[in-house]
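First the structure, in the form of structure tokens, and then the observations on it.
For clarity, chains are labelled A, B, C, D and E in written order, and residue numbers in each chain start from 1.
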Amino acid sequence: MVDDVLVIGGGVAGIQASIDLAGRGLKVYLVERFPSIGGKMAQLDKTFPTGDCSICILAPKMMECFSHENIDVLTHAEVKGVSGNAGDFRVKILKKPRYVDEEKCTGCGDCVSACPYINLPDEFDMALRSRGNIFIPFLQAVPRVVMVDREHCVKCGNCQVICDAGAIDLYQKPEEIEIHVGAIIVACGFDSFDPSGIKEYGYGRYKNVITALEYERLVCASGPTGGHLDRPSDKKTPNSIAFIQCVGSRDVNHNPYCSSVCCMHATKEAILAKEHYPSMENYIFYTDMRAFGKGFQEYVDRAKNEYEVRYIRSKPGEITEDKETKNPVIWYDDTVTRQVKRLEVGLVVLCTALVPSKGIKELADVLGVELDKNRFFKIADPLYAPLDSSREGILVCGYCQGPKDIPEAVTQAKGAAARAAEVLACLGA
Amino acid sequence: MKEFDPKIVAFCCNWCSYAGADLAGVSRMQYPPNVRIIKVMCSGRIDPLFVLMSFLEGADAVLVTGCHIGDCHYIDANHKTKNRFEFLKEMIAELGIGEERLRLEWISATEGEKFADMVKETVEKIKKMGPSPLSPKVMQ
Amino acid sequence: MSLENIVNETKAYYCLECGKCTGSCPISRVNKGYSPRLTVEKALLGFDKELLADGGIWSCMTCNLCKDRCPSNVDYTKFIRYARAEALKTGYTGNCTHGGVLSSLMRIMGNPNLKQDRLGWVSDNLKISEKGDILYFTGCLPYFETLFKDIGVNSLDIARSTVKILNRIGIKPVVMPDERCCGHDLFWTGDLENFEKIAKLNVGLIRGTGAKKVIFSCPECYRTFKQDYSEYVDMDFELVHISEFLAEKIDEGKIDFGSLEEDVTYQDPCRLGRHLGVYDPPRKVISSIQGIGLIEMEHSRERSICCGTSTWTNCDRFSEQIQKERLKEAKAAADTLITACPKCQIHLSCAMKSKTPIDEVKIKDFSVLVASAMGLGDDP
Amino acid sequence: MKGCFIAWATDDATRKRGGSGGFVSAALAAALDNNLVDNVLVLKKTSPYKATPIVTNDPKEVLECAGSLHFVSVNMAKYVPPGRVALPAKPCDAMGVIERAKRGQLDLDEVYMLGLNCGGSLHPKKAKKMVEEMYNLDPDNVIGEDILKGELILKTADGEKALKIDDLEEKGYGRRESCRYCETNIPRMADLACGNWGLPVDKLGKTTFVEVITNKGEEIFKNAVDTGYVEFEPASDKAIELRDKIDNVMKGLAEKWHKRLFEPIEKLSDSERLAFYVDALNRCIGCGACRKACPVCTCGDSAKCLIEGDSNYKIPLFLMVRLLHLMDSCIGCGRCEDVCPAGIPLTLIHRRFAERMQNKLGYVPGINLDKPPYFEGELREDS
Amino acid sequence: MEEKEIRIGVFICHCGTNIGGSVDVPAVVEYAKHLPNVVHAERNLYTCADDGLTAIKNAIKQHKLNRVIVASCTPRTHEPLFRSTCEEAGLNKYLFEFVNIREHCSWVHMKDTEGATEKTKELVRMGVARATLLEPQEEMKIDVEQSAMVIGGGIAGITAAKTLANQGFDVYLVEKEAVLGGMLRNLYRLFPTGEDSLDSLQPSIAAVEGHEKIKVFSSCELKEVKGYIGNFDVTLLREGKEVNFKVGTIIVATGAMEFEPKGHYGYGKYDHVITQMQLEKLLKDGQLKKSDSVVMIQCVGAKGEEVSYCSRICCMVAIKNAMLIKEINPDADIHILHNDIQAYGAEYEELYNKAREMGIRFIKYTPESPPCVTMDGEKLKVEVYNELFGEQFMLGTDLVVLSTPLVQHQGGVEISKLLRVPLGKDKFFFEAHVKLRPVDFATDGIFLCGTAHGPAEVAESVSQALAAASGAGIPLSRGFVQIEAISVKVDLEACIGCGFCVEMCPYQALDMVDGKLEIIEALCKGCGTCVATCPTGALEQRHYQNNQIISQIKSIFHPVIE
């Protein structure tokens, strides 16, 4: 029986769970697939309903987690095998090569500018900017070390030459680590649904139809445009934006469930747009306005009254494009006035469904736990054990067990930490 | 004759504006080397005395920076900063040394560019205005 | 079927009233009085009489645009079909166009003793057989020829071209002298009694020829056989649209489509496209013609817009508006519009002849295009 | 029984000694007598130019101190002892007391302020010089003084001599500079406001016009009446009107003086103004007398203004910090300027800074227990 | 503190070429050597690398350094590393000073070597000035009482208590009612599982009542709570008698209550207009008369003037109850009149669809023209304008059920005063940070869960309870809390007792007791706002002392400080 804990997923939930457990004096392994911790929250600009800058409040947590003496953060790593039982899990972790010695790299970024190939889409910035083969995942990345995209690297060696720390190792091998833990917390988060399959909305066909996460990067001060809302077609600020809810969610053809956060997310984005550009006209197309959290309804009321955001109850039928201006044109049944209308705007933001993260099935198989029909982790008892998975000793929290906003994810993460401690204490006793 | 090289004192809070200054560095945003940052935990710690003293010592400008209202790491301590700043502003105005020499900016941890711009603008403005008349050097 | 049953059958109770159907509907866009959403809501909220008396249910083109997009999977097309049947019982019906000739014609088809000569169009240069593996189902083309010659639609060219192409690849298709109309329009306007008769007759006739594969040039016939006959009669032969048949041959390397220096655009017929998911084969075939440029319209494939009316019912000024918009879109893409459905050709050609003229778009049938590219055109 | 009354000491001696009906002294003595307060703070005149604040619990001593006084050097606020205490208070004394209460130096509930209407006072040191130069009298021969109808009257054994205050002030004498532009003549922040303004001619010099303002004021007044120290009658509407009229005249005068003294500074350019401040403030020798005299200053020996600056500063850090700390709280009593050995026009300068802030914030110090804005925690709506 | 010679060591980092590329590091080292109190200065390629750290440790010993300065990157990432290096070499970690010459200098002046070098010198000079005045600090450790109090015996309180007890801590569970269970006792079946509420709750109640580590105080009232994290003194009233105990942490799980819709839709006037809670009771007791038609009205009193928020759970409660009625009478006509259905998440959307499938009909009304309930003979009549259909509907019905929001109750308001923790605008308890500290109060050691925080369903309450237990369990399992030595201290000799600092403190760490300032160090978070406010030098912040900051300011303008 060991009382170390493995946390899978380094988003805000995973970070919080790790910090809580480590705070109790337990040893924690935090495994993150991406080369930096931070998760989706790091990609957001501001958070609703308080308008807090997302990375500002998250970055200290990321640092606290990374530098905590009880937490071993393994980035760019994946869980490959789990055997044993609660109190005694043996876990195989594959540490994928980042072709950089994390210990030696100082994050100076000299190598980044030395790399001659710089036309790869930057994942963090939703491909709205390009990066090189060697790159720092994002400005506030933790750990702040570079990594090499070997798939595209031609091994010119420029980076090695410029690196005074001698940190670059283009022949680094994958490494398999085995750890021994008593409990596992899964917080592997979500992915954004790709709306290009919803042909009628023109994502991918029309430049000025973007997703909400792309929009977040566009308005973020440390994003690809430095926070200027430059729409993709002409890099100009649009004078109106339409946000479309339930793109791929509450839709039995894609994801039947409600993603829970998009109504508020869009409200926040509309408010931000209005704050940055006072003449901006904002429209939100919705089916049911789901403002059910603390202070949410008030936030929506403010958006309506103070920020003049226009809420239109309708799910648009189709989006076309004005060939001249490249303005998206929305065709919709205004269900309140019961009339079909046409609305031309400067930019359309699709508030896409949030879906279980890629690879959740494989992870579930490795962990030996069940998924529900929406491919979220199944919980043991939806009332009284909302954080226990179908297998003892494995807890699930955050979006990977169903739609949630940040405070709920943080709450669950803390709860999962408490449950892990409880499970370990009971096993020990 | 050597060009006038202003000296600017900037007070930054640990959580937002200092991090914003860090981000300016990480992003390699270039600005002139005239600013000296003094870190405090919170902009609420910035005693107006420090600002006055900076001017008396010879600062050509003083920048007071902190988290945006509503984002303060210490709930609402930056509200106090703002209140006190009103006093300083009036004082500087009455003294007649040029109101532009004192500036309050809220800078979040993501606003590296804002920090760099603030320094650039201030240096340019102060260069035009010339040395602070309160600076001891001028007296001699 | 009571409206409640219709609601249950089509799962209309899942309707979230989001309005995506109406926002998608080409008719609603021009006719503000028509809304699929409100039509469904009438049923949900117990406005039965209003619903059945509503002419709107006869306007629906059953193009499936709304059905495909409905987030709750409400089968509006089916809903309309059932509602029409119910309305018919109550005595309501749509406005038949062309003096109702076409609908009465169809009902006659149900008579097993009907004598007709459907092979008048088969000229000497065409090789057909009475029995064989492959059968070509011509559908209503011979009737269309007489009705729509005046608007420049030579329907039988389609049949002739199809046979010529088949002949070129060495097939002498069976063409039946007494095949019946497929019954599509009866099915969609609620006359299921006559539809059943026709279905059984047709399948019997085909069986009699020993055909293993039936080729269609009309998507409506194709869909009707493929999706609607099975409720009434068993079939033991394969069904295929000419475009699919030809596309397959490309893969087998058995065909040379010749060349044609022309830019064309392609109209996806609703039955072939959204109803049956056949988008690629016609495009594949057209693109295989050397020198041809296939330029897509703004709305194509899944997003394609219907030719404006169906089942010869409620063709009105709104239909014309839709058709003209469609022709404008076509013109913006290319001078020639290819359709794979005789009805699309008829309706769009009809719109072109309307009082307020629009820019000329050449409208050609798919088979006709292919035949002429292969050098098989120019019939006497 | 709040409102305006005409009252007088029942005791003849007191009535006579107290230049205007002796109400204040009688009420103070009565308060002590009936144990309403533990102590009374009064000024004991030791010469026409010197009055020392004393704390006493002897009603007799209080009565002995009766009499009006215009040559005053101290602000009473700094001498208020702990416990229940009553004192006569000019407007600036009362404001000082309130400011000290805000700073936790005393409990206002325990302090009874018998406010004295005030048209201004004279600094004793300057007054002596004035007696010599303007009145051509030996200062030591002066046995009494009074202000009536805009004239300052000096009494000697030989009789009286009166000069117009306006004329005196033109020559640089007369009231303190800060009094000249002070607009607070009737101490409405005190518990009672007493004086001779508004009295009908026949009662002038024999009675006191008393306005009862607060519950504490009511207590004092009632006590004085109940114990027989004082008698009273209601003040007529006419009397009240008259008092207001005088008040307004004084205010008008103050406004003129304000303009006269402040406009020249107002008109200076930024650099001239800075030069003015540097010239003046740089004369500071750092003795700290101003700080000790200031009724608002409560900081003691660890005050932040005492943090050492450098000698090459153009303006001493000491004064900079004081200017800052007094920006919302300066009550303009003029005591700092009185005591400055370097002759810096301190009050004038403090007022310049303070008026900016006080006007901007709409905050008036010394009138109620509202917290000074510098110490406000909440964000102001307008800022 | 004993006067000792100040011996400063300065370590200047090249950071590869990051600093070395635009700063003349050797020149800076030379300069540093001549600064007052500096006895050693050196440069390292990477000070943070192993050899750099070793160099620091060696120099501390060799040169008897009692102050260490590293000039390199930002303290926000590397300060902990260098601090622990100093500690390893026996130097108090508060005697370490970090100078940021990378982010704040070399990287932002890349093309100005001269300017960057001069600035670096000054930054180092400022660092030396500050370091000279640094003082060693002891981080305060507060012992934590190994027990917790949970206020409220509903599902949230029960769960929190059970989890903490299972982790091995003593728990005092305080409930004002005679029995545990809270609001769930009054419910019939729970969504989404359909379990009987009380039945499903029983095992948890039993587990708590039978737990050797849990002391249940039912029918008890909280009288007083004093102290701070680790050391709360609690006084209860039980049958009029006082009970005292000490706990380390506290969890608030006081729940909420249903808003009473007086004056809404004929409630109180017509017998058959009831609330969802009343419906639950009817269902539970089997008292619900067979109703052929039922109308439910959502958002009664919510999302409006009386209660501005959306109460989150009522839509699903209504849907669940509607389905239960349908189970009893499949032919019942049920209409739910709503203003947007809150079927968030995966399960609820499914349930919502299921309800539609069962024939429950939904009508969206507008808040501007709300439904109207009147009596029409024996039957109730509900008129509603269907916003999406554009028609006025007349629904004759047997029963009208009003869905009303959860609201704070008086008990909660009193607890808030007692514990000095805030309520928000919505009157629910207000957490420390909406996003990242959802179950903490700004006051250390007190946590929050369940509907005391805002409307929540069972699973959400349970998750919150577990989260609160995590927060409350951390200090308990560590046995102490440690506070970074940046808290404030007061020199009572210098303090004049003006009390202006007290209200400045965002954490109520300061208090005036009999005219004397008291600082509860355990509550101080080190923002220093009070220090800046203090008109005297009585307040000081550890590690950010006035004289330290002043020395930094002065050193900017004095080429060499004597």
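The rule we apply is simple: a residue touches a chain if its C-beta (ideal position, glycine included) is under 8 Å from a C-beta of that chain, and two chains touch if they have at least 3 such contacts.
Note that this is a predicted model, so its numbers are computed, not measured.
Student: Identify the chains adjacent to both chain D and chain E in the sense defined at the top.
Tutor: Touches both chain D and chain E: B.
Student: List every chain that touches both chain A and chain E.
Tutor: Chains that touch both chain A and chain E, as defined above, are B, C.
Student: Is the C-beta contact count larger for C-E or for A-B?
Tutor: Spelling it out, more C-beta pairs touch across A-B than across the other pair.
Student: Return the chain whose centre of C-alpha atoms lies at maximal distance from the corresponding centre of chain A.
Tutor: D
Student: Please work out the Cα centroid separation of chain A and chain B, and write it as a whole number of Å.
Tutor: Each chain reduced to its C-alpha mean, chain A and chain B end up 36 Å apart.
Student: Please tell me the distance, in whole Å, between the geometric centres of chain B and chain C computed from their C-alpha atoms.
Tutor: Spacing between the chain centres: roughly 74 Å.
Student: Averaging over Cα atoms per chain, report the distance between chain B and chain E in Å.
Tutor: Measuring from centre to centre gives 32 Å for this pair.
Student: Quick check: how many Å separate the C-alpha centres of chain B and chain D?
Tutor: Whole-Å distance between the two chain centres: 41.
Student: Which parts of chain E, given as residue numbers and ranges, touch two or more other chains?
Tutor: Where chain E meets two or more other chains at a single residue, that happens at 76, 353, 388-389, 504, 533, 546, 550, 554.
Student: List, in ascending order, every residue of chain C touching at least 2 other chains.
Tutor: 14, 17, 38, 72, in rising order.
Student: What are the residue numbers in chain D that touch two or more other chains?
Tutor: Counting only residues that touch two or more other chains, chain D contributes 304, 307, 310, 377.
Student: Judged by the touch rule stated earlier, which pairs of chains are there in contact?
Tutor: A-B, A-C, A-E, B-D, B-E, C-E, D-E
Student: Please name which positions on chain E make contact with chain C in the complex.
Tutor: Contacts found on chain E: 353, 356-357, 359, 361, 363-364, 386, 388-389, 393.
Student: So in the complex, which bits of chain A are touching chain B?
Tutor: 45, 50-53, 55-57, 59-60, 109, 139-140, 220-222, 226-227
Student: Can you list the residues on chain C that touch chain A in the complex?
Tutor: Going through chain C, the ones touching chain A are 14, 16-25, 28-29, 32, 35, 37-38, 66, 69, 71-73, 298, 301-303.
Student: Per the contact definition, I'd like the list of chain E residues that touch chain D in the complex.
Tutor: 491, 493-494, 496-500, 503-504, 512, 515, 533-538, 546, 550, 554
Student: Would you pull the chain E residues touching chain A in the complex into a rising list?
Tutor: These residues of chain E touch chain A: 15-18, 45-46, 48-49, 73, 76-77, 80-81, 155, 159, 163, 166-168, 190, 192-193, 195, 200, 204, 303, 308-310, 312, 340-350, 353, 387-390, 424-426, 428, 433-439, 453-454, 458-460, 462-471, 473-474, 477-478.
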